[in-house]
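Structure record follows, encoded as structure tokens.
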């Protein structure tokens, strides 16, 4: 199965649902090493994405990804806005002109998203950010690129979950948590957690088809 | 003639008059290399000193100097407040316990005032500040210390006026004007000008007796 | 064509306060605060930053200063999306000290490189 | 006994904005803005700084941050006149960046030396 505009729209609606469901959890994670708004930020952003979908219908996977990007950039209000916004923007560019995405296209889009986050936030693996999730997810997706979209995303989601766990012992070197220095160790990074949740949600949407 | 509480109170009233008279000039000087408030700051401060004199009567020169100090610190609202406030505070301490000040006591009080300004603001001669006025004034006053109060203050005032002129070509290294770098050269420093005006006013009050 | 400034902050008050402090030393420079979210919360607002950028762009270029890392990223996105008359740069500088130094430089006619340099070399208050 | 903070500025908005930004990262730290003059103008107000200092002094000490040189001098005078429960220091630091770093340090229980060090070693936003 490939990913069409329609299935991608459904998957994005799924993302909004997952974010709403985990809003409090993400706020609590951000309270420990940040400013307690990550769940609220993402929920505000994805709620706005749902509203945008009420009034406009994207005509390609790329247009859908671009709509998510611009909405998150405008509405999130925290670091995750420009970061995930840039991720979706780069994914939109990577998939431009394609009416359906196969496993390889999805893997390429994920790689573009990672590159965008790194370009925007200058974080490396080990800095205790969403990069610790995206980097292994892209690696797993690239290795599975010859398979179905569902298989690519399932591989990415599993690697993402491990990546999120890997942030717990780390000392933050980027973002607000870096103000805490050593005291940031022992906590799951909120952006890492949310990124893993988003990837698992995409994998579930693809797998359910 | 020595300086008594009564003559000092009259001299302080004279300072308030001179500041009010030169308010606009000092504002204009500060507009060129600062934030255009020096005349307003000092006028607010000395107007408050006059009000304070309406409701309380200092019982010694030191008490009069202390009243000026605390009022300027509370009311001026700009750098000249803590600087002149510290100057008057140190002069009050230097004259504590004396019911009348002779030339030597006045010279010592001026020296204490200079030391206070330097301790507070860390400026040196040549930094384009009121220190460029106070330092030569103190030197002249110290040399004349064996003479009358009027002679000491007259010597201080003349040296002060030269000191003020000397700030024109200087590049500011302290205070707001230092933000202008080289572009601060060619302007009379507002605090240097006001300090010279204050010393001339004191000299005139002493000489008129 | 003086350089304009945009103050990007998570707090509306902070952005406005920095702008008024810098404005005092630079009465002719266009300085636009862009702080807080549209609903009055602490956070950054991309659309507000873009509007501020447009407002102060008179062709001489615009320098943007920010408080925290996420404000820096939003400022960079606004610059990438900007198609105004002049160039726009986000400078790495202490916000308050950099804004005052940048405003004074702009007031005295420095170009965008001069204003950026003034901001980024601003240390603590002299 | 956490360390308290006072934000001394020429602008009331600036002081309040810095305080709210820092407070977000340090909900339990006492942070008092002391900005502007009593009549709402730009300038520093000694009495306001003294009142702020008293308000946040809970015995663990108080760190004061400032925007420009004259605010630094007023802060130092306020410290000299302070006879509160704890020590008080004026630190040389970039105002916004230093306040956030100081607040985070105070929130995590650092003593007055630790909080001062966090402020003065705060460079630009990470």
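Note that the chains are named A, B, C and D in the order they appear, and that numbering of residues resets to 1 at the start of each chain.
To be clear about the criterion, a residue touches a chain if its C-beta (ideal position, glycine included) is under 8 Å from a C-beta of that chain, and two chains touch if they have at least 3 such contacts.
Just so it is clear, the model here is predicted, and its values are computed rather than measured.
Asks: Busiest chain-chain interface by contact pairs, anyone?
Replies: So the pair of chains linked by the most contacts is C-D.
Asks: Distance between chain B and chain C based on Cα centroids, please, to the nearest Å.
Replies: 38
Asks: How many angstrom between the C-alpha centroids of chain C and chain A?
Replies: Those two chain centres are 30 Å apart.
Asks: Distance between chain A and chain B based on Cα centroids, please, to the nearest Å.
Replies: 64
Asks: So what's the Cα centroid distance for chain C and chain D, whole Å?
Replies: 24
Asks: So which bits of chain A are touching at least two other chains?
Replies: Each of 35, 174-176 in chain A touches at least two other chains.
Asks: By residue number and range, which residues of chain C touch two or more other chains?
Replies: 24, 42, 68-69, 100, 126
Asks: Would you please name all pairs of chains that touch?
Replies: A-C, A-D, B-C, B-D, C-D
Asks: Where on chain A does chain D make contact in their complex?
Replies: Touch list, chain A to chain D: 34-36, 173-176, 178-180, 183.
Asks: List the residues on chain C that touch chain B in their complex, please.
Replies: 24-25, 100-101, 104, 108, 126
Asks: Hey, which residues of chain B end up touching chain D in the complex?
Replies: 35, 37, 41, 73-74, 77-79, 81-83, 85-86, 120-121, 174-176
Asks: For chain C, which residues count as touching chain D in their complex?
Replies: Interface residues on chain C, with respect to chain D: 9-18, 20-21, 24, 35, 42, 66-69, 71-72, 92-97, 100, 124-126.
Asks: Contact residues on chain D for chain B in the complex?
Replies: Contacts found on chain D: 37, 41-47, 68-70, 73-74, 76-77.
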